[in-house]
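Naming follows writing order (A, B, C, D, E and F), and every chain is counted from residue 1.
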């Protein structure tokens, strides 16, 4: 059972609270409160209905505790683990009302994060042995960036910058406005902290030497074909990190990785991965 | 230009604030603040890179105003409109810094919502002429339910209940715990308000008459094949709303609609629709 | 001891937090912190000073735990129970400071909710045997709608819609703007979800047939006298739910109920019911 | 037109936001969005349906602006003004949708605050000429203390302390725990700031001299009859502020005031005053 | 071990949450999560590196519990206690990750508050025996007023008013606008509650009699030299509280106190006191 | 007039709101509301009472607009500018009440941030010409990190990492737990994103080669004397960034800079810099 770095506790609280507030509103769970006696106790399994990679289990299980502090949950797998159809992911017990009321919120969190982890894992598998890292982008679902980037890590991927605040990425508009790559990098270095990484985005192979000379820490090779990528890697020769980006599908990832780039970024992982189907099976008890 | 009901203003504010807080953190946009002069002014177009249906335009444009109150935006299409590759969706002008700083947040909101609207529209198109409504579920992305349900409406779909609080859905667990369909519906009716709709979920055709007699307002026919759906519709004969559900893919929707059901619900619309690709093209000005 | 559906936990947290923030400010309880030693322990009873119906006990007791996690509370009655003068409603023990600091906040919540439950109960009693339901309105105290609607349920009443979001009510202004009852109902049905209830408000008996034909789920009979109400009930003949509304005092409720209407709504329950007097009696211990 | 001190802007924002969030939820105003065209413009009057004293007008009008920034409002009276049946309190214009969507929230705030102001005014009138002040207590509705205390000022009353944080009130439990009045006041004086007022609550006339000697700034005479109040006033002889409290009804206020006490406090003003009926009359325009 | 009045629990929660949110962001503690195994357990001491007075210990220790609920902490001293170089202030045990992740946030809170307590204590010591109180001002660090005023109490000082809301201070601008001291005090007394203290600020000895006649509860003697202060104290002769203010350094406090003023206020305590150096020493265990 | 990167708008809003909420509470500015007529209009200057460097001017001026939207402000200098005693920093006009009510909150923000900028500037001046950067630490005041780091930039300093989330700093405890510098760096590199900077803290000169070989991006030389710093710089020879840290006073900074280190970090800048004295001078107008 892998142990990954968890989400900070204040983010878990926020996610759980928003999830429940949205689903319960002012009136709560009308169906369950009316149909299920308050003193009924139950056990429920979270069961995978598809094979995939789990992510977000802690935050999903925290939903039940937030509905009713008398529930308790046991994780049977951990974030980052692979599951098959039928794998029991976790077991939750407590008042039956709480199990049913928390079900959808918990599954929405778990299914969304696990869908991203599963998609990531497939791409990571596809490039296995090449040395290329699969990384995410800032193309995340608003309000869920921390969870989604955690899910990428669960799938074996790595994180690109978390936002505009923790690394510099100079794109075409920045470069033009600043008067070219060298001027842009120089202006940025003058102002930012010494721990901030500077990446320069290039569209053409010819820009690579200039980015190198400007002192970029990494170079984003945007929408280059495989030959150009290979050439860029040669030019760079380890003096900067090379990142391939731009419409890279899971199917194409292997070929891109074979060009020798260090990093492959895919927005698709976080903006379009389908969820993983996980269900809650209630087993009545008392 | 269609005019749909907008998101309530307090939800727009919340979405925009969360989106920006997540992307800007404590340090803001390091790249843009360093590379772009503060007095540079610009105009940018939001341009569709894929054909689809737009949703979430208001909230996306509100991102720029939240970055800098001196920006102004003009929508060229409206939520619910179809766009082609290359359609200009909106034009934003203001300080170039604000255009670049707000870009990703705005596009993440717009692309996510429009992806759902586009997916919904395809299914709505597929069932055109049948009289069946395409509706969403509670399988939404945590924190985004209002936006996602709005996107479904933009795509020509309709909304199922928004949460546990605004309609009753009696599923297997409720029915068993309450002692059967009639007892469950009776218990619920006794407690809930007179404006609350009661839907009963059935797995077998044989349960339909009992649900009818119990007085269900609608009957969810879960995972029935087309023959069973057709039979259920006949049995119900307009005395309740019939809803088909359970793993209905866009491809299968037409056939399901042809069975005569009133409503078809698809979790896929909100939990797995890929985003619509919209980009920001900056045109320098001053 | 009745067990009613509780308030969702996140609402309880919010109410308690707001209540305490307002009463403690930045400096806390100056009197108690200065006059009562920190290690003094005590037991306190919440005692009814008036006969009535209890509501909001859970949220009231949660105040003490929020002041100091070392307090514990035992409810002696439950929400919905009738109490007499002198009935012990609950017992709380813990640091004496916490009992005194939490006292007013807890009693304000309990007294306010129980006042509404008590008022509701009196009206419910008045119509006993008629089959008419007593329901609330949206005329609630800002910020307290969930608690107040819970209190109405505790008093034996039922809830009308919780807000603008969970049912449609077409009033005069809507009907005129939309071009009459039929057009209005049709426009609304076209757009809203299939689980949304549609009520039409009418001021005159003559409008009832049109509302029926338009397919209203319920008809609000606004400010009709008893004869008109009786006539309306006959016209409707069970094809829609009939609701009497408009300045109905508790004293008049019985007569209104005798007209045969299904539902009687009273804004007075939530906007003008006086609080129920409950006090805290501290019994020193250590 | 009186100009009273307004509520701080951040409190107005909070009240408006909570009011609207509660009423609009995730789906907004289903009825209005479906029945009223988005481009319809209107004018509405807020009209008093009962005679009384206005309070909370600013916060009520802010509701419409929060629904739609294109609305504008003109107050025709001000907080603290008396109105008769039919008095136009304010006029609001803007999109008809916004007028209807904001109506109930605005009226709930206005009616609640004005109800308190009206009740206060009646008691203030009853004691006119006696020199006694009518003041509120901490028996307020949770979440609304600032608005309710503002309403008391609008009615011509004055505020007692706002919470546990801004003045000391030593009640029986404090006095016993601290070892008597003198010890309690001494302990408190030693710790609190020099700007903090110290009030001592006494149940018997005999305790008054001790409270005076202890140096109380004011003495709360709890549940004393009129003779005892008169005697207490004589004993105090202006050396402390005298406050009568404990179940004082509006009807009894005049007699209490005649005893010569400086201050009469009534919990009833804020916990049980019925709302003032104000309605919105929409006048279509465009 | 002194027991001071603690910060209200909701303020502790807020401070801890803001502190951690700011330090952990979306990604958490990258260093610790990568370098320290999740199952490593440890014990850490908070150790004073400077002599001083402790304040804020409760809130500092609450940081660790908020990072991971499995940590536990034991305070070895209490707020208000004096410590020497090397004094162990508290001991915390739990997952090593939590100890390291919470370290900086806890120390920032503790060091800031203890710095203020230490500075206060020095000034309090300097005036020992004179009867003068050392008090704070509203010149606090935004967001930290409650903690900073608590720290002043921990250092043996007292609190002036907490904000604009809990006492009146009439400064030059108020006095001029209102038409002089008497008019200003009269206008204020007419409106404010009977528990609100009124202080008048004077710049010249000649204003003191007018302030006294106006009925000021206290008189702030702003920037008077020691002779003038002494003269003012004589004039006042105990009929109001005298407060010296205006650029009073710790070095000058003794001389000011010797003039006989009741209260000496120093903005410096909260706006410029250097922090107290406290460190965390980790002792590995498992 | 320098133009620095501003604080993100959502942080400005938060700071302003917290500042005002803390100062105004529920009752607002009792003194000003009672003494100053509502229709009085005024102009006020923010004037430096000490020479120094300005920071936080935008957020300070935003306070007045938050008190009353009718105020307007004109900055006469910009963040980062030097001011002398008497320099007018900004001019604000609007209702006199708003100027007085916002005064203290605005000055607390401005004085705190400018104090840090001033302190930073002095140290930056001291090392002028050496090529060493002056940077801050995470020893900031809780809740104010973004403002304080902005203030350091205004003073000519640079920012170290903003939190635990945006760069790795491996300290003694991490190194020991991970099994030495090489193992620790390797473990971290394996998990973190490729844009994350890795700094290693060393206490002894002998550790420098190991840190270099481990591939640290920068090396924090903790508490080394000047000779050791000079030797470390020679050993590193530009292969990593060198940072001197540990009790470096402004007085010692020049000597440290002369050793050739790239970066000098001082916790003192943010945890102990005294505020800059700025005052508000009101000039009555109408």
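Note that in this section a contact is a pair of C-beta atoms (placed from the backbone, for glycine too) under 8 Å apart; a residue touches a chain by one contact, two chains touch by 3 or more.
None of the values given here were measured: they were computed from a predicted structure.
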| query | Quick one: which chains contact chain A and chain D both? | reply | B, C, E, F
| remark: Contacts shared by chain A with chain C include exactly B, D, E, F
| task | Report same or different for the chain E and chain F interface, where same means the shared residue numbers exceed half of all residue numbers found there. | result | same
| task | Compute the distance, rounded to whole Å, between the mean C-alpha positions of chain D and chain F. | result | 43
| task | Could you please state the distance in Å, as a whole number, between where the Cα atoms of chain C are centred and where those of chain F are centred? | result | 51
| Distance from chain F to chain A - Cα centre to Cα centre, in angstrom | 32
| query | Taking each chain's centre as its mean C-alpha position, how far apart are chain C and chain D in Å? | reply | 22
| remark: By the touch definition above, chain D meets two or more other chains at residues 5, 22, 24-28, 33-34, 37, 145-146, 159, 162-163, 165-167, 191-192, 196
| request: Select the category (line, ring, star, complete, other) that matches the graph of chains linked by touching. | output: complete
| query | Which bits of chain A are touching chain B when the two form their complex? | reply | 15, 18-19, 22-37, 40, 96, 100-101, 104-105, 107-109, 111-112, 115, 138-146, 162-171, 173-178, 184, 187-188, 190-192, 196, 268, 271-272, 274-275, 282, 284
| query | For chain C, which residues are in contact with chain A within the complex? | reply | 3, 5-11, 145-146, 149, 159, 162-163, 166
| note | Per the touch rule, the chain A residues reaching chain F in their complex are 5, 133, 135, 153, 158-162, 165-167, 191-197, 199, 217-218, 241, 243, 262-263
| Mind pulling up the chain F residues that touch chain D in the complex? | 17, 20-21, 24-28, 33-34, 37-39, 66-69
| In the complex of these two chains, what residues of chain B are touching chain E? | 22, 25-26
